[in-house]
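Presented sequentially are two complexes of subunit A, the first with subunit B as partner and the second with subunit C.
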Partner chain A sequence: MISLPHYLTVGAVLFVLGLIGFLTRRNLIVMFLSAELMLQGVALNFVAFSRAHGNLHGQVFALFIIAVAACEAGIALAMFLMLYRKKRSLDISLWQALRDPGLEETRDLVPLPAEPKEEPLPVLSVSGIEPARKERDHA
Partner chain B sequence: MFPTPSFVERVSTDLQRDLLAFLPELILCATIVALLLARLVTPLSRKHLGSFALLASGCALAFAICFWPERSAPIGSVPLSGNVEGFSSLLVFDTFGLYLRVFLLVFLCCSLWLSLLTGIPDAEDSADYYTLVIGGILGMMLMASANHLLMAFVAVEMASVPSYALAGFLKGRRQGSEAALKYVVYGASASGVMLYGISLLAGTFGTGSMPLISRAVAVASLGEGPTLPVLAGSICILIGLGFKLSAVPFHFWCPDVFSGAAAEVGAFLSVASKAAALALTARFLFVFSGSSRTGPDDLSGSALALGWAFMAAVTATFGNLAALAQTNIKRMLAYSTIAHAGIMMMALVAVGPRSVGPLLYYISGYLLMNLGAFAIVALVRNRTGSENLDAFRGLIRRAPLLAVGMSIFLLSLLGMPPLVGFAAKFQVFAVLYETGRDLGGHDGMIAWVYFGLLVVAALNTAISAGYYLKLVKVMTLEDPADPSPIRVSIGSGALVSILAGLVLAAGVFWNPLTQYANRASQSFDLAPKFEKPAKIPKDAVRPAIGPKGKIK
Partner chain C sequence: MLLADSSNDLNWTVLLPVVAGGLAVWYMLPSTKRRPMVFGALVGLIALAGLAAFLVSGFGDTIPQTVEAGLFFGFSGLAVAFATLMITGRNPARSALSFAIVVLSTCGLFLLLAAPFLMAATIVIYAGAIIVTFLFVIMLSQQEGPSSADLRSREPDLAVVAGFVLLASLLVGLERVYDWRNVDSAIVHAQRVADAESVDRDYLSPLPPMENMGSPIPLTKKAEEFLGEMRTALNRVKVAAPRTAEDRRLTDHRLVQEIENAITGLKISAFKHHDVEAIQTNCETIAKGLTRLRNLRNGSATFEDVVRSEHGEVKPIGNGPKQLPAANVSAIGRTLFSDHLLAIELAGTLLLVATVGAIAISRRERKAS
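For the complex of A and B:
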């Protein structure tokens, strides 16, 4: 028989996993995913309580959590895209320009694993009529 | 299962009353929609929409003042004398909430005027900027009058999400992007923690309604005291609110966001956001503190109060010490904001009508002086392109009005006697002293907490003199590197003079504002109190919506 404490345990585990992931990860998207994981743990809590109390309060909370999480994800992902365009990386430790005067930049003792080299996009062989670009180049 | 006609009739009359009381917020909603749609109309798409936004918020402010209970003109059938719970008790229209509503709208008008003067959104971006600012203020107004945990959560998010975007509003600047990044990532996890606390509380009591929870807490305090989930839940909620308040272990975002974002946004975050967070904290603490007055041997109230007092003392001290070393003015003001948040948190240690009045006075005075300081930072930035201490060197020779205004605001932030900052600090100190003296009779330990806080607050005022007076000295006594005068437009001069004049006037004549603040704090008397908790039936803990889904 699965009872309320079981659901609450799963919710708490999800929440703590999200918290740990948020505190330890350096990739922006993984950090944000962890924050969302925390919210999902909370939503599970609410739904379990809703069932235990026999009312719909918790379900309403869960609906609102999903909506708010979507809003936050929208604004955060848009921001991450903008940041990625500026530095071509999702590593959060690159963003340390704002800090107290006299404070050294934080550096990891263990360097990040080298990123796999990005494979160049395949170039399709030219076929059909020669593109107009070449003619302009000659002119 | 199905609603009866009488029920429908009652709901519709309630709805009419609630919508009427909600009119200022509705005006802001309509303004947001209008601002967004204005982009679609060709003649308006390139116009600067600041004056329209200012007009609409002035309109909302006028209505909010009309609903102030002292005006005693019940528009329609709105009896706003007591605590009216609106929208099936999701919101509460009490004097405290109405006061803060007026306060936030006044701030909105001032901040829109400032943005018109400094031109931080250009015509292209104006609709976005004003939508975000007005949307944020709307969320804060809901925070100030939330009566349900669901409403509190949604309002906190409504206030936070626009703030994230505003922090990164200067799109071209890397620092702005970094500020927004730090804010959004930190904010998302803080709201997760707060929500976990809400789930524990609402789950334990089976309802999210704050009056019902406070009654249930009072009932529990007669028995074995609050259970572990309740304590853990309230601590989680206070962590989330501590993030909004930039209380010390959760303050790391504050200086970075302030120094990366525009000064106008800094004013928004330091005044309006702090005020709303303090209001919500006051409501939360009030829910839990009632039990601490029923008996001295109760754990929840005094343990929470002890923790809160410690956090407040550390916040004030840390903010002041860190501000001493800053060279960027916005960063310095950010640490000064943290320190002031600490002092305001001290007032909340003894939450009740006696301490909420001074808190409201402090918030109102803080609006005047901090908005003024940020406005001058923005004006100087526009002319010199710098926000460092060097830009202010010898400002008295270059722009006497700005230098004098800034000195007044800084001395007021420090707490010099004829200014509003002194009156605010004095009232908070007086509350700490009186509460400690009253408690001295039967609970010695708690009394010493209050006296200790008083000492910490006094020491902090002395520390803060270090950086406030340093800036005043740099502005008035040192020679400027570039002695060319800074031109100040008439509007900017008017804004600075009005704010400085109000700082002076409210510091000399305390009474009107103090009376309003004290009257606003009366709603903390009227709220369901814990004088006779024995009479509260046990089923007060029961959910408001029965298993059949019928609303009581």
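For the complex of A and C:
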């Protein structure tokens, strides 16, 4: 039977993936999506416990999670737009002046590899008789 | 101690999905080296298969081949796979769309868990509103393709190790708390000894020769193993030692005490003196007590009798644990507006404050000229 621990396992996996995404990614929006992924894992736990205990309090908690996540999204997107207006980029490391005192500045020492050259699209050579143009096309 | 059994320590069912998943995520995270995606996808599939194996065999219950099991594995596989794609994608717009699929799969899991209102609310709010707003912000801010920040990641080694060590400990914890297999086998074993017509010779200590009658009689190997198994099972089902004298009268501690007395009785006299009747009574006590305690622990107890607990006497409330009905939308409304009225007013206020805050933050400052 699919029971409580199965859902808890899936919730744990989603939470950990969100945690890793939040720690590693440098795009503000992807970091925020990772935080939302962690919230999804927690909400899944709440609903699974609600089912296992036979009452609705877990589902009510999950509803509050959604409400708080919606507030968070509104505020965070407004802040992202402001940050983007200041620096013209969503890179979080442009704001590392806000880091703890005593920490070293992170610099990108390894250069990015060159983009692979795209194959130019094939161009067909003109063949056949060129149709005569009307006078007003040139005018 | 709750986690006193050592039979299920870190084993391959936990190690395979954790190690393979960690490798796959580490490999697929953006880095300055260009890595071919085939290897990452392959290891990721192995990790998914390992996770499925853990879910099938980790908790000791058999998974029936029902529609529910198929839907559960489908939705959770989709959710985990697209969550991985979301945190490893170079393109934020694709990450947002993968997150939409994760949300939809989680909604499927909500439906399996008898939460139809929550499913609809999540689809409307998350997949409908939040992700679309994210896509708008992405399109407003990143019109020139992936930036250098999306092609690098910060400390991928440490983050992956930390995350997957956390996952391994969570999985081992879940396995230890929800796996009742060794208690079940102990109950079966004790019941078999109790029901047998005569006790197997291997359990009974051989009588010493006449001349040294007074010397202590050792237990046989089989009897030692039996008692060890019973002790492990008892440690698994008992939660805490009684703290006060009053505690000893609670149903829980009384049962534990009875089982401990039975085990001691078997150890001290019954196995040594070939007392078949005492062996059978004690084994019966152990099997009954362990069954009752296991059912109290995993929530399937039927409370047909009055139980003394720390909060007073618990009267029987009917047969078995309540099942949450699937059609519970009106019940959730009643719960929200009766039990959680203050919380829902606070949530409404929070939404209002957030709206005002978002407007105040994103307002363009007028240049003072």
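Throughout what follows, the second predicted complex is superposed on the first by the 100 of 139 C-alpha atoms of A that agree within 3 Å, B and C clash if a C-alpha of one lies under 4 Å from a C-alpha of the other, contacts with A are read in each partner's own complex, and residues count from 1 in each chain.
The rule is short, and it goes like this: a contact is a pair of C-beta atoms (placed from the backbone, for glycine too) under 8 Å apart; a residue touches a chain by one contact, two chains touch by 3 or more.
Here the structure is a predicted model, which is why all the values come from computation and not from measurement.
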For A:L121, is the partner it touches subunit B (first), subunit C (second), both, or none of the two (neither)? neither
Is A:V42 touching anything from subunit B or subunit C once the two structures are fitted on A? First, second, both or neither. first
Looking at the overlay, what does A:L14 touch: subunit B (first), subunit C (second), both, or neither? second
Partner chain(s) touched by A:L98 [first = subunit B, second = subunit C, both, neither]: first
So, does A:T106 touch the first partner subunit B, the second partner subunit C, both, or neither? second
Just to be sure I read the superposition right, which of the two partners does A:V30 touch: subunit B = first, subunit C = second, or both, or neither? second
Figure out whether A:P5 sits in contact with subunit B (first) or subunit C (second), or with both, or with neither. second
Superposed model, subunit A: greater residue contact from subunit B or subunit C: C
Is A:L90 touching anything from subunit B or subunit C once the two structures are fitted on A? First, second, both or neither. second
Using the superposition on chain A described above, determine whether A:M79 touches subunit B (first), subunit C (second), both, or neither. both
Footprint overlap on subunit A, comparing subunit B with subunit C: 18-19, 32, 34, 36, 48, 52-57, 60, 64, 68, 71-72, 75, 79-80, 82, 92
Which of the residues in subunit C come into contact with subunit A in the complex? 21, 25, 29-30, 32-34, 51, 54-55, 58-59, 61-64, 68-69, 72, 76, 79-80, 83-84, 86-87, 89, 92, 95-96, 99, 102-103, 106, 109-110, 112-115, 117-118, 121-122, 125-126, 129-130, 133-134, 137-138, 140-142, 147-156, 158-160, 162-164, 166-167, 170-171, 174-175, 177-178, 299, 321-324, 328, 331-332, 335-336, 339-340, 343, 347, 350-351, 353-355, 357-359, 361-362
Would you mind writing out the residues of subunit A in touch with subunit C in their complex? 1-10, 12-14, 16-21, 23-27, 29-30, 32-34, 36-37, 40, 43-44, 47-48, 50-57, 59-60, 62-64, 66-75, 77-82, 84, 89-93, 106, 108, 110-113
Subunit B residues touching subunit A - in the complex, by the definition given at the top: 150, 153-154, 157, 161, 164-165, 168, 171, 174-175, 177-182, 184-185, 188-189, 191-193, 195-196, 198-200, 202-203, 206-208, 255-256, 259-260, 322, 325-328, 331, 543, 545-547, 549
Given the complex with subunit B, which residues does subunit A contribute to the contact? 11, 15, 18-19, 22, 28, 31-32, 34-36, 38-39, 41-42, 45-46, 48-49, 52-58, 60-61, 64-65, 68, 71-72, 75-76, 79-80, 82-83, 86, 92, 95, 97-102
